[in-house]
Each structure stands twice: as structure tokens, then as C-alpha cells.
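Letters A, B, C and D name the chains as they come in the text, with residue numbers starting at 1 for each one.
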């Protein structure tokens, strides 16, 4: 039997300081989650998982952490019905068991996530890819009770059209139209025409953090993100679909700031029942077609503060 | 003195086969190239460098390769005038000296490259970033003579507007305009208005491969790439500049295929004097704002074939 | 109905040159391939797919390409038994149907690939991740017949120990041991002890290109890559397993060149029945723990040449 | 003159909520900072910069942000002596001027950073690359006064050897040595020999956050990170250097946890004079050669807490 003698993980370290997070990053798994009456969810999640380390302990028993992830992945695969949203919390609980010295455990997960979509005019069905994000933090209180907060979210690509550039194009075209149109006809033309603007891929992200027992539907989050941009995007677009996407998007131009505000408004409506201390992170990053850099907006707030701001 | 005894690099390998490329990847350097009467070029290049290995040799003397890169970088920094375009060829020559067993040496380099630009209306000067690409391959012939082919190129971001989506928007808007405009006025409106389309960041790449003694100006390549898209992009755009970029781009919609064809046409004009066997690689990749995937086009051809195709 | 009028894809382009590759990059799908009597293979492949474009055609009908990918992915999901190795060839055939003007079609695919492994001592089963790579090129000959070459490969992480550094450590330790041991005892000690060296993650890649009707087992390729390094790696290692991995690896030190030579030797044995013009690409990249850059080796050769070099 | 009419940035948004951060990401610049009596520092920094947005404002005047970055980069280039450590704070001040509605401004910067090193035995000088990290947050208080906190840090690659795997190898070798050596000689051998372990690239990161007027030397941070691993790495290593690096590293094995504890101990010593509320983030990530995933440790603490833990 091979043993590890002097300088084991359980020794006292020479420098007796507490460490915030010790663990592993980049553990990749394949996971099939069966659901009642729905197609199973297939994920290829990448996990990061950490425990804190007391100042009296030299090292974490590192192998217990990938072991915890593996065990939960195996267990969940056997269930008749499993929820993606509780996966990280399950791993947290398993790690709190295995690392008896830990008081704080954190597990984070990101995975490509496939959802189906229909093209806007020709109704062709296509696979689309977003990202599912989840994490959970477990605290072992002094009385040994465990409280877990979990966070569910998603990241989705959509299309954003800039309102201000569109407005400036409209103004220049208007001054040229007035050279041969009367004002009244000109106004009718301005209301009819779809004016150009710069548009680009936008990436919207929403993360909602709640106590363990609350349930958040990841697909609802994807809908909120998609519907807060100028238009969703779609992998299979025939000519009529492409036209619909472009025209709809240009009738719905949004600043990067608008995306974030709209996501918050929809989140408050959809998740109004959640506790006031629910932490909501919303983020939008647009890959501006007129620049090499991106435009970015973010809001981090509790549901309670959000309701106050919106007088709800 | 520490020596490496059995199993040295110069031994015969157990499996006597020739290896195509052996070396290092990801060697990063800082390099300032002084130029006569121009501002120095500052690069942070990343180098990959390889030699071939005869079937009679177990290993390459690996440290000689980063050594060759280092020495050339140091030497070039002392020159009153140095050219980025010959950097890789210099390293190839140095490596052929150090690796006396090698018959084929290859060095590749990529670096961020800063060039200045003026915004289209307000003339504000700004730093812009592209990528400079270079490589060189040296062959040691049987008579010990050395022939080197080098390749210079660049990769630049610009803006592309889709002609077909714009056409479809124009058609839909036209049918709506005809509800209250006569045909003649409608045509005038269609000629005046800037119709929407999907647009996005496009990434153009050009690589031109020539014998060692030929000179290719990297900045000329950057100009060719930028001017083959719907519009260049710019980091500092005030409101009038943004308007100009959007309107110019929409007056110059291009398919991803057009970008590649245009780059080739400009290359033939600009570099017409080069030998017929000059290898030209042109590539365009557009980050389609209506999709999650990109559109891509590429042409690889000799200058001679290109001239034939264009009847030049 | 929305039509695209002037400047359609089928028009003649202003610059009449042939384009080598036009298509899409980064199309991501979820795919479950059922197999007879084995667990299904689940993949999240990313596809790039291209057609060539004649000089008489302005644009490819871009949407037909993601459409082809989608259709094959849907069809393959219904089969009782499907092979990953023919996926790209199926898409090539579909694209040759849809793009009647194309003479050359190319499809490339990369996907994370899960395989099971047992830890060397404690026999714990764990999920491991490699990458599966596949591509196919279809040529439509003048007589309308189609010839397809396909390429199957994989990329896997393993552990590599440097022989030369180990030899130098052995020499230094030997000179220190001889200060208090006689030569004979010293030799026995040298044969017993596991001397240090620098070791690191190595990434091995193998691609084998064959005519369409040949079958290559992706998992066989993964075995060849893993067994050509100093040791495979494993996600779940308890103390005895970690010790076994380290000791085995240090008893099997390999130069980056050795990994490539060994992979070739094993490929010739395993795939000896393939045609002589089978193209074999083998690559090894080690993330050297003593450097910021990587060591790299590669061989590209036909099976016929390889057999000649090895006198087989 | 082109103006932007309805829906301008200064309008009231439909959804009146405050946004935490609005701005740009990925702005890349080239920057030469002259220093008195030292070689200039050349950086290719990438900036992210944000302002907060009051609930009464629809959009930030987005172009002012890249403008602020550009202006500071231009100004700093003219100075006879400029400090990298105050770059972000300068941009924050400029942005607080330009965005009069903002109460919180944040600027982040990362850049490759070149430092010189000598190989341990042959004293060859080589360029090495690390990353310099800086950020600054400015708050405009109610009385219009501005308080700025800045953060300086670095990220460096080094080599880490695992103590526990080395211990297990030592134990196995010891049991084999005892088959032919007496205990006393065996102990002498165990003290002399350099036993194997798994080793790998480790990436250490330190971030120190202080009030604006404090000065932190980025190069001191790089030294602390490098000296907290088993050994620094070096780009140019001849045989004797490689041997020295490997042997020194194996005489100094460290857990990922040790790296973080050691960095904290050195930071307390080096920066003891800083205020107690100085926030210190230390992070280590090792690319374990026996796994596909990484080992990770982190501590976030104030200097005051750290001093308490260490009884200083």
C-alpha cells in the first residue's frame, strides 16, 4: 500500500492562513438528464468546484472533488427525472460530505445547451445553441446545518440594431427626400421605409440566484434574453425568413442599455414570486459591426431593489 | 558539467522515420523595428519554428530553435532600419546554421499590428489594430545552397453589408410604397433611401508567398483587405462619423464571395510585377448578425492563374 | 413572396474568378448516434462546410449548406445504427446534391468525445474527454461521378516525461552517490530509483485519410495516441493511482519526436490493410513545464512511404 | 450636420432603472511608457471601461469612453516619465469628466508584459512574457469629490512539483532499496537522490487593491509570484540550465495551496506599509500533468486580516 507520509494534506501548514477556494477547474463530463414527458436534456458541462481550507490544514484532499462530481453525474444519469437546475447543488452537498473540514463549497457549471426553434416564415425547425450556466454555494453553519444558494442562468446570441445610427440615416435620407417630395408624402415615406443601421450579434446573459428550494426554468431565461434584443437569430433561414428577421429587427432597434433594462423588466414579471433577496445579474455585449471593440451593459441587483425602482 | 549520455538527440532512433516538422510553438517576443524616416514598428510577435528531422537522428537540439529566434530578435533591434517582412527569413537562415542536419526549416509569426486611421468625417486620429502574419520556409538543397520562400500577410476587421437581404427589404418596402406613390416617384424614392440589411464584422485575410528577395509592404495588404469590404471600421466614431460609415457601407453591399474576388483583383493590380508562381491566399469570414455561424469564402491561387482567369 | 432580384447568387460576378471554398463555419449541433449492442455515441460537433464556386456564379446559395448539415443530423438520429466516421461524407453527398454547380465539397467536424477509463490501481471508472475529428472531401468528376475521400482522427491529452532531463538528473545524483557508495552498489541504486525529470501534458493528434468505403475506428486511434506518450492521464486518481501514473511515466520517458514515431509505427501495424496512398498526419505538442512555449513534432506521410521507411 | 433626434441618449428610458456598468470591452492600444533611467515599458493593453447610468438616462454617450482611453494613451506617450500603475486611474478621471452623469467609473486593463531573465547556470539573457493587470474604480461622491481605488497585479507562469506524489515515489523506491541496502545507507541515499513527481506549468496571479496615491511596483509582484512556485521557468535553457531548473524544482515541491500561502506571506512582508483595508487577491492554477483538469487555489483578504492571521 502506498501511503503519503510527512507533509500530508492533514498536517498544519507552515503559513497558517485560511484559503478562500481550493479545488479543480475544467472538469468536463457528458450528462443525459431524463425528464417526464419531455425529451432528455443532453449536456457536456464543464465544472469548476472548490472548498475553503481552514488555516490548520495544509491541503485539501484534492481527489475527493472530481470524485464528487463523478458520483453525482453517475447518480443523476439513473434518475427517471432529473433537473439541470439542481445539479450543482447536488455536487455541493456531496462535497460537503466528503470534505468534512470545509465550511464553504462552491460549484460552477457551463454547458452548451440545445434548444429547438422555428424559422419565422417558412417554419423550418432547426437546432439552436445557447449556453446554460449554473452554480451553487453551500455554507456549513456552526450548528452543522447547511444552507445552499444556487444560481441558474443562460447566455444566448441574438441580433441588435442600433437606434441612434438608424435615426441619423433616417435624417439624412429625409433631407434628400425633401428635395423632391412634399412634407406630407415625405412623412408617409419615412413611416413606410426600413432604414439602415449598424447591426450585429449581441450576447445576452442572465443569472438568477436563489435559495436552494426555489425552481428556475432555464428555458424561460433563454426566452427572456432572446426577446430583449432586436430579434432572435436562427440557423436555418431561407430568403423569406432572412427578410423577416432583418425587417423585424430594424423595426425594433435597441441600445445595449435597453437590452439590459428589458431583461430586468421581464425577469420581474416572470419571477415575481421569488424572494426579495434574489440576486439578478443581467448582461449584454454587442459585437458592434462598426468597431473592433464591443458595447457592454450590465445590472446587478436584488429583486427587491428592482421592484422598488419599478414601483412594483 | 552536466552531460546527457545514452539516448542523446544525435543517436539513431529505434523507429527510423523522417519527421516533417519538429520544434517549438508559442514563443512570444517584444520587438521594435526602426525604420528610416518613419515611426518604428512595435510588435509582440508569437513565433512557431520547426526543422525537419532525418530518420537517423533521435531528436532535434530543441534549445537551438528558441535561441535562433532570440538572437535574430536581438540583432534586428540594433539595426538602423529593419523590415518586418524579412524577420522570418532571417530566423530561418539562423536555424539552418544551427541545425546542420535539417533540410527544411519553417518559421511562422503572428503579431498584433497598430496602424493609424482618421475617422471619415470628423478626421479624428485613432489607433487601430490588425494582425501581421509572416512565414518563411528554407530548403537546403543537395548542393548545400539555400532557397527561401517567404509569405507576408495581414488580417483585418471591417464591416460587411449583405446585398441580398438589402434587396429583399427594398422589394418589400417598394410594394408598400406603391400603395401611395406613383411608379416614377417610387423609383426616385428607391434611389434615395438607404435600405436596411443585416451587417456584421468581417475578417479579411491575405497571404502572399514569394521568393526571398521580393518585397511586400504589409500596410498595402491591410489597405487592400479594408477596401474590399463594405466599409473599414474605426475605433473613434462621433455621431457624423458613425452615420458616414453606416451609409457608405449600405451603398456598397458585398457578398462574402465579393470580398475575396475584390481582394484578388486588387492584389493582381498592386503586385503585378511579382513572379507568376507567387502563391496568393485570400480569405473572408463574416460574423453574420442573423446567425450563430459565420459565412466564409477563400481562394488559393498562383498569380499566374489569377492573371489568366482575369485575362491579364 | 419575397424575391431577390438584381445581383442574385446565380448572376455572373463582375470579377469572373473561381473561388476555392465558400460556405459556413461554426455550425454546432447535438447528435446521438445509436449503435448495435454498444452505448450510443453522443456528440456536440462543430461543422465547417464549403463548396467551390465557378467563375460564372456570383454567390453560393448559402442557406443550402446549413440545411444539408441539419438534414443529415436529423436523418442519422433516426438510424438504428450510425457511424460517426461516415457523418461528414453523408453531408458532402447531400451538399453535392443541393449545390449542383459545385465540383468540390469539403466538410470538417470536431467534437468533444467521451470515453470511459479505469484508474490503473483502484480500478475506478471515470469519464474522460478527447476530441473526435473528421472531414470529407467530395469531387464531382466531369462524368458526374463522385469520389469522396474521408479523414478520421482524434486528439487526446496524455503525460510526457523528458528523457534527457531525467538523464541529466541521474548523472548529477550518481556523482553525489559515488561519494559514499561503491560503484556496484551505486549501479543497483541507479536501476532502482525513479529519477525526476520535467513532465507535462502532451496533446497527441492523429488524422488518417482514406477513400470513402474504408472504415476507421475512432477509438482505436485514441488508444494509439494515448499509448504513444509516457502515460495516459485519468480524471479520478486516488493516491495509489497517482503513484502508478507517475512511476510508469518516469519508466517510459519519451521525446516529443518519439511520440510521433511511435504513433506511426502503431498506425502501420493497426491499419496495414489500408491502401498505400492513405494519408497519415501525426502530431504531438507538449506543454513543457520548464518553458512558456510548447515542444512540437509532426509527420505527414502516405502509408506506402511509411512502410518503405520501416522496410515493411 | 447629422443629429440624433428622438430617443437620444439623454432621454428618459421607458424602463427607469439604474444600470451598474455601461461601456466598451476589448479596446486594444499600443503604448510606450518612458521611464527615468530605465528602458521604456512597451505594452499592448486591452481595455474594458464602464460608467454607471442613472435611471433617468436612456444611454451613455458611448463614444466618449473609447475617446477617453485614446486621449490618455496619447498624453501618456508624451510624458518623460509615466507609470503603468496609474494608467487606469488616469482614464477613470478622464471618463468622470466626460460622463458628467456618472457616479461610478471602472477601467480594467490587461497586457502582455516583457521582463528579462537570466538562465540559472549559463547566464543567458532572454525575454520572458508575463501579464500585467491593472484596474481602477472612481466614485463621484455627493459633494462632487472623487475617490479612486486602483488595483495592480500580474500573472506569471512557473513550474510546480507535487510534494505528495514525490513522497509516494520516495516510499515505493525506499521499499525497493531496503531489499539490498541497510537502513543507514538507505537513508543517505534517500537524502541524496532527486525523486520523481508529476510537475506542470503553474499560473500565479496577484492583485493588490489600494487607494489611488499608493504606489505598487508591478515587477515586485512578478518576483513574488515566480518565487512562490517550485521554480521559475525560462525560455532559453541549455542542458545545464534545464538540469538546474528540474533539480531545484524537485527540491522545492509545493501544493497549489502552498503557492497561495507563500504569495500572501511575501506580500505582507513586501507591502507591509500599505493600509489595512488593502484588498489582496492571490490565485494559483496548475495544469496538472496527470489530469485533464487543473488544480486551483485562491485567497481574497484584506492586508489587515492577513496580518491578524499571521500574528503580525
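A few comments on the model shown:
The rule is simple: a residue touches a chain if its C-beta (ideal position, glycine included) is under 8 Å from a C-beta of that chain, and two chains touch if they have at least 3 such contacts.
Note that the structure is predicted; figures quoted are calculated from it, not measured.
Of the two interfaces, A-B and B-D, the higher number of touching C-beta pairs belongs to A-B. When each chain is reduced to the average of its Cα atoms, A sits farthest from subunit B.
Counting every residue number used by either copy at the subunit C-subunit D contact, over half are found in both chains. Simply put, subunit A must spin 180° to overlay its Cα atoms on subunit D, rounded in steps of 5. With centres taken as mean Cα positions, subunit D sits 27 Å from subunit A.
Centre-to-centre separation of subunit A and subunit B, using mean CA positions: 35 Å. Subunit B and subunit D have Cα centroids lying 32 Å from one another. Within subunit A, the positions touching two or more other chains are listed as 2-4, 27-28, 66, 129, 164, 168, 172, 235, 237, 239, 242-243, 291-293. Contact residues of subunit D toward subunit C in the complex are 128-129, 157, 159, 161, 164-165, 168-169, 172-173, 176-177, 180-181, 185, 188-189, 192-201, 231, 233-235, 237, 239, 242-243, 245-247, 249-250, 287-293.
Looking at the complex, you find that subunit A touches subunit C at residues 1-4, 27-30, 32, 42, 44, 63, 66-67, 70, 73, 112, 114, 126-127, 129, 235-240, 242-243. By the touch criterion given at the top, residues 2-9, 13-28, 48, 50, 53, 55, 58-60, 62, 66, 163-164, 167-168, 171-172, 255-258, 260-262, 264-265, 285, 291-301, 306, 309-310 of subunit A touch subunit D in their complex.
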